[in-house]
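Presented below are the structures under discussion, each in the form of structure tokens.
Both complexes shown next keep subunit A, but they swap its partner, so subunit B is in the first and subunit C is in the second.
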Partner chain A sequence: METTVIGKGLPKVDAWAKVKGNIVYADDFTLPGMLYAKVLRSKYPAARILAIDTSKAEALPGVQAVLTAKDVPNNNLRAKFGQSTDVGAQFEGLYRVLAEGKVRFMGEAVALVAAESLKVAEEALDLIEVDYEPLPGVFDPEEALQPGAYPVGENESNVVSRFKVRKGDVEAGFAAADVIIENTYRVPFVDHAYLEPESGVAWLDEDGVINIRVSTQVIEHFRTVAEVLGLPQNRVRVIGTWLGGGFGGKEDITVESFLALLTWKTGRPVKLTYTREESILAHSKRHAYVMKYKTGATRDGRLVALEAELISDAGAYTYLTPWVLLYSTVNATGPYDIPNVKVDTVAVLTNNPFGSANRGFGAIQPNVAYESQMDELARVLGMDPLTIRQKNCLRQGGSLATGFTFDRYVAVADVAEKAWQALGPVQENEDKNIRLGRGLAVGLMSYGRLTFLHDSSRSYVKLELDGSAVIRCGVPDLGGGQAQSLCQIVAEELGIPLEKIKIYIADTALTPLAGTTTATRQLYMSGNATLKAARELKERLLTKAAAMLGVRVAYLKIANEGIESTVDPQQRISLKEVINACATEGIELFCEAQFNAPFTEVPASEVISGRTFADFTFGAHAVEVAVDVETGAVEVRKLVACYDVGKAINVLNVEGQLEGGAIYCLGYALMEELAVEQGRIKTPSFSEYLIPTSADVPDVETILIESGAGLGPYGAKGVGEPACNSIAPAILNAIRDAVGVRVTSLPATPEKIALALRKEQ
Partner chain B sequence: MSSFAYAVPKTKDEALALLNELGPGGRVVAGCTNILPDIRAKKITACTLVDISRLAELKGINVRGEKVTIGSLTTINELLHSEIVANHGQVLWQAGQRFADPLVRNRATIGGNLANASPAADGVVPLLALDARVMVASLAGEREIPVDAFFTGPGKSVLQPNELITGVSFAKTTTMKSAFIKFGLRKAMAISLASIGLVVGLKGDKVDQVRIALGALAPTPLRARQTESYLAGNTLTPAVVARAQEIVRTEVKPISDVRASQEYRLHLTGVLLKRAFEAALA
Partner chain C sequence: MELQKEITITVQVNGRPVTAVVAPEESLLEFVRNRAGVTDVKCGCNKGDCGTCTLVLEGQPVKSCLVLAAQANNKEVWTVRGMAADPLMQALQESFATHGAVQCGFCTPGMLVAARSFLAHHQQPDREAIKEALSGNLCRCTGYKKIVDAVAAVAASQASARD
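Here is the complex of A and B:
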């Protein structure tokens, strides 16, 4: 297909404003008469609240409201996480606004204060007296599974969910295997570490509507906020800001309910912005997992059986744990065709920080395990890392162990080969303390939500009389180019230059709801909705132009703000003229379209089978590392990311996602760990919780394959989350290659490597 | 609840009078790279911040004869751009390159790095290796304290509330070899897990003078005196270096914390000692 805008590396619509500092982020916004809010947080990971005395805080001059659980109209909800359809109790969890009865984790919100200044609000927190009875708590997920374990909730079981995958006969499979590799892998909690902490401002407007201007990935939380307050859903409006990063950490409600409660109580505008330390303490984490893997292969390198047991530490509340666990379950085998599979997964509550969405959403953890296993198998069998993967990977027509069959192009073999070859010839190592090593890993990850969630998105496109266009779409833009791609689609379809397109995003009152910016779904879902709307308008314009030019629609094309004959370009009419003709005749110059993903039923049992996702993205990472044999320090020298992106709508953006994704989980591999001891965070700030700096990362070489096999516009696939898959095991495999140490627990710190090397001596 | 007063003295004498008056209620600030995070974390509350950043008397790098003097307000970035430091106090110049990141180096001062008294201070370890003296003033007069005697524990020093660090001085190390190695968990903005500053002079193939300073391996930055005296007069053969590694490990008292275990820090101590000699003599 010949394109003029799609596939080009064009600057984003928001780029200049961001570079110049002109974007009004959530915390940049203020209103006259605004109050400042602070949150009192639990000092214990497990305790019973015996009493709360707020009288001294209330008496402090300047304090306008102090709220505890008893002041919240509906403090305990079955959370639906922005979801509009019912999916049953097994996929929902308790959403508790403020702690009541038992405190479940350290940092849990206990009380809210709104005051005339931040200083007074902070002072008021110190005056709230909470009488706690500390409880023992449980901090190890395997312990929390035992009968008689400390109950994190009141009395209910600590088990959040269990899933299984069954294919063939693993006993028979292992009996037929020549080689069996068994390992236990551990991955820690990690933080999203976005630039912008949680923040928002709420106000009550003249119609009694609560407006919340907030940094969020999910404006649909307006429904939950309405339920918390006992208000009709149309009395709460959420306006999403441009985000300073989300990565899944702003998928759950953060400050919205707190702001709404305080504004409702005081009638005044209220701002709440978390400090960095509060952000680390209060928001969700990537789940920590323990993963026991057993993989069997024949002598010629063919996989015959895989058995995996995954234990997910859900932390103190359910949030998106069941969905994350389901992703892990489906992804547990990796993109491999294995005849005999047994996967058992379980997620369990503890008194640790709560786990929920984090870029990669449950696909990342098992990827660390299965790609480490593949590497070990290759070593035992004397095969190279590329060959063993090519021998076993899924191809078009192949099926996951759940039975889902790929009827479109599956790029695993291709991405693996291109990434591996791009490392180039091995260079000589001149430092006596350094050993070089190379590693490869592949991965798959879905884009689009779980199909039983019955996902849809809507978008509105309108032509103005001067030939410009407006898009209204409720998509939150995380910085990933979500808005830009919609503009490019409209520009391409309607022949309008990008600068003449204005997009309005993320406002529940004014933009059609487009669903969450999560699950790598916006290009796929809102891109398709926008494409549908633009094509509907295009059809009307072409029909009108055909009448005006006397040329059949089939021989017309739309380009450069005009419609012309494909046979005789002299027969041309400007878009503006066609638009004005339509306006005169009352032909609608707007279109709101809805796109629905494929729908399936909610899984009826723990055994997961058939279709759970619309489609998958396949990618590979190849790295070269330099390991210091004395200090154990690892430097990633070369990093190649190769992905089948289907079609790159904006090449710069796609490359940016692949680079950012690789670096995001380079940190996961080498330095990031939210260390938790007895429910207390030992890395409470960026002084202890380290993420890579620009000095720690190499240039990322990106290779795009454009198969056109995606379900998104023009055959595009989603890449936002898949981009951070497979980098961590590629690094672990390279370390193994360099110094012979198999690191089975993340992060691969210098200490782990150096002490392992010393043990070997 | 935090509540601060702020004063900006225009002269050193004015600053000293102010500090004398305020006593423990006064806190000297300059680059603010430590004090602002401490204020935010409420580690410091309710005091008068005495901002000395405009005292020209405390700036500048000078050589007189064999002695180099550096004003306490000199920033790490200024050290890095000083030929005097690069030629006559090489270990300090080397350490400056590994100090925090370029933004912090623009603000952080050498005096502030001393006053903060962190056991991991990357500006202090090289001063220790230079056998520097800290120049301190108060209304009562001036005194000099060897860096080695300046620190008493993590965050603690002999500096009195009424005293101001005015500078540091050390003898030129022009003809000696130097090395500074920092090991942190990333390449910039990392607190040292272990660091070493080394100044060594050879006579023929024998060690003539040697000063070894270690950071983050004890409650204060420390000199490895026993290792130094073992090495003095010795030739740096592999066996001698190996023995020195054993000795140095007995001189340090590292802790276990969330960043690393004591075992690993001990391991690093030996590695850094060997590498410091390799780097200095390369």
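Here is the complex of A and C:
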């Protein structure tokens, strides 16, 4: 297809305001008469609250409100995540606004204060007296699974959910295997470390609607906030700001309920912004996993059986844990065709920080394990890493162990080959303490939500009389170009230059709801909704122009702000004239369209089968590392990411996702770990929780395959989350190649590698 | 001796004098954001780890969360918004936008200030030198490549302009 705007690496609509420092992020916004809020947080990971005395805090001059659980109209809810369908208790857990009874993690919100200044609010926190009875707690997920383990909740089991996949007969499969590799892998809790801490401002407008202007990935939380306050849903409005990063950490409710409660109580505008330390303490983490893997292959490198047991540490509350676990369950085999599979997964509550969404959403953890296993198999069999993958990977027509069949192009073999070859010739090694090594890993990950969530998105496109266009679409923009891609779609379809398109996003009162900016779904869902609306308008314009020009629609095209005959370009009329003619005749110059993803039923049992996702994105990472055998330090010298992106709507943004995604999880591989001891976070700030700096990273080389096989507009696939898959195992495999050490627990710190090297000597 | 509880200071923020009575512990970051209303300077960590609060104080890039407001009394502070007419800053801004060096944008103002200060004093830096110079400014979105591309492109055009 010939395109004029789609595929171009154009600067984003928001780029100019961002480089000029003009974007008003959540904390940059203030209102007259605004109060400042602070949250009192539990100092114990497990305790019972016996009493709370707020009288001294309330008496402090300047304090306008002090709230505890008893002040929350509905403090205990079933957590929703923007879905409008009822998915049942199996996939939902307790969302508690403020702690009551048992405290379940350190940092859990206990009380709220709103005061005339931040300083007074902070002083008031110190005056709230909480009488705690410390409880033993449980901090190890395997221990929490044992009978008689400390119960994290009041009456509920520590088990959040269990899933299984069954295919063939693994016993028989392993009996037929010539080689069996068994390993246990451990991955830690990690933080999203977006640079903008959670923040928002709330106010009551003149007719009693609570407005919350907040940094969030999910404006649909207005429904939960309404439920917390016992208000009708149309009395809460959420305005999403441009986010200073999200990565899944702003998918759950953060400050919204707190702000709404304080504004409702005081009638005044209220601001709440977390400090970095509070952000790390309060929000979700990527789940820590223990993964036992057993993989069997024949002598010629054919996979014959895979058995996996995954234990997910859900932390203190359920949040998105069941969904994340389901992703892990479906992804546990990787993109491989394996005749005999047995996967058992379980997520369990502990008194650790709670786990929830983090870019990669449960696909990332098993990827570390299955790609390490493939590498070990290749070594034992004397095969190269590319060949073993090409021999076993899924292709079009192949099926996952759940039975889901890929009826479209499956790029695994191609992305693996292109990434691996791009590393180029092996360099000479100049330093005697340095060992070079190379690693390859592939991965698959869905884009779009779980199909039983019955996802939909709506978008509104309108033409103005001067030939400009407006888009209204409730997408939160995390910086990935979510708004930009919609503008490019409208520009392409309607022949209107980008600078004449204005987009309004993320406002539950004024933009059609487009669903969450999560699950790598916005281009797929809102892109399709916008495309549908734009094409409907295009049809109306062409029909009108056909009448005006006396040329049949089939011979007309829309381009450069005009409609012209494909046969005789002299026969041309400006878009503005057609629009005005439509306006005169009362032809609608707006269209709101809805796009629905494929719908499936909620899984009826623990055994997962059939379709759970709309589609998948396939990618590979190849790396070259230099390991210092004295210090154990790892430097990634080359890093190639190759992905089938379907179609790049904006090539700069796609590359940006792949580059950023690779480095996001280069940190996972080498340096990031939210260290938690007995429920206490030992890495409370960016001084201890280290993320990659510019000096730590290579230039990521990106290779895009544009197969057109995606379900998104123009055949695009989603890449935001898949981008950070497979980089961590590629690095682990390269370390193994360089120094012979198989690191089975992340991160691969210099200490771990140096110790393993000493052990070997 | 009694400790001073408040100090009256005047800071030139983007060419405009801002006078306020501040507590001795108030940071320059708080002063610039809350007293001067210059919010392009961000607070990402408030302890010098992330660099989102980088601004120019008396010609030097500093992390303003680590500087006391009182230390800037009678001194000059510049942020991205105040450098709108500066040709080197303009070149960097355009380069960041066209190279895709901006994703969420929260690190961008600090990153631009750091990059401008670096390029003002370094003629033909290679990529490694640029990475080193920007290593005090965290970015979680981009993986840094396009940021380095953007800065390198401006460095190259500066060099060719001199030739």
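Quick notes on this one:
Assume the second predicted complex is superposed on the first by the 761 of 761 C-alpha atoms of A that agree within 3 Å, B and C clash if a C-alpha of one lies under 4 Å from a C-alpha of the other, contacts with A are read in each partner's own complex, and residues count from 1 in each chain.
The rule is simple: a contact is a pair of C-beta atoms (placed from the backbone, for glycine too) under 8 Å apart; a residue touches a chain by one contact, two chains touch by 3 or more.
All figures in this text were calculated on a predicted structure; none of them were measured in a lab.
By the touch criterion defined above, A:A695 lies against subunit B and subunit C together after alignment on the C-alpha atoms of chain A.
Of the two partner chains placed around the shared chain by superposition, neither subunit B nor subunit C is touched by A:F189. When the two structures are aligned on the shared chain, A:W16 is found in touch with subunit C, with no touch to subunit B. In the overlay built on the shared chain, the residue A:F139 is in contact with neither subunit B nor subunit C. Legend: residue contacts after superposition of the two complexes on their common chain; A:T749 is shown touching subunit B, with no touch to subunit C.
Of the two partner chains, subunit C is the only one touched by A:D27; subunit B is not. When the two structures are aligned on the shared chain, A:W264 is found in touch with neither subunit B nor subunit C. Look at A:S687: by the touch rule set out above, it reaches both subunit B and subunit C.
Residue by residue along subunit A, subunit B and subunit C are tallied for touches, and C comes out ahead. Residue contacts after overlaying the shared chain place A:Y643 against neither subunit B nor subunit C.
Residues 275, 685, 687, 692-696 of subunit A lie at the contact with subunit B in one complex and at the contact with subunit C in the other.
For subunit C in complex with subunit A, the residues that touch the partner chain are 33, 39-47, 49-50, 52, 79-81, 84, 92-94, 96-100, 102-109, 112, 127, 130-132, 134-148.
Subunit A meets subunit C in the complex at residues 9, 11-12, 14-16, 18-25, 27-28, 192-197, 242-247, 275-276, 478-481, 652-653, 655-656, 659-664, 685-687, 691-697, 699-700.
Chain contact summary for the complex, subunit A toward subunit B: residues 119, 122-123, 126, 275, 277, 433, 630-631, 633, 671, 675, 682-683, 685, 687-688, 690, 692-696, 749-751, 754-755, 758. Residues 1-2, 37, 40-41, 101, 183, 185-191, 258-261, 263-264, 267-268, 271, 275 of subunit B touch subunit A in their complex.
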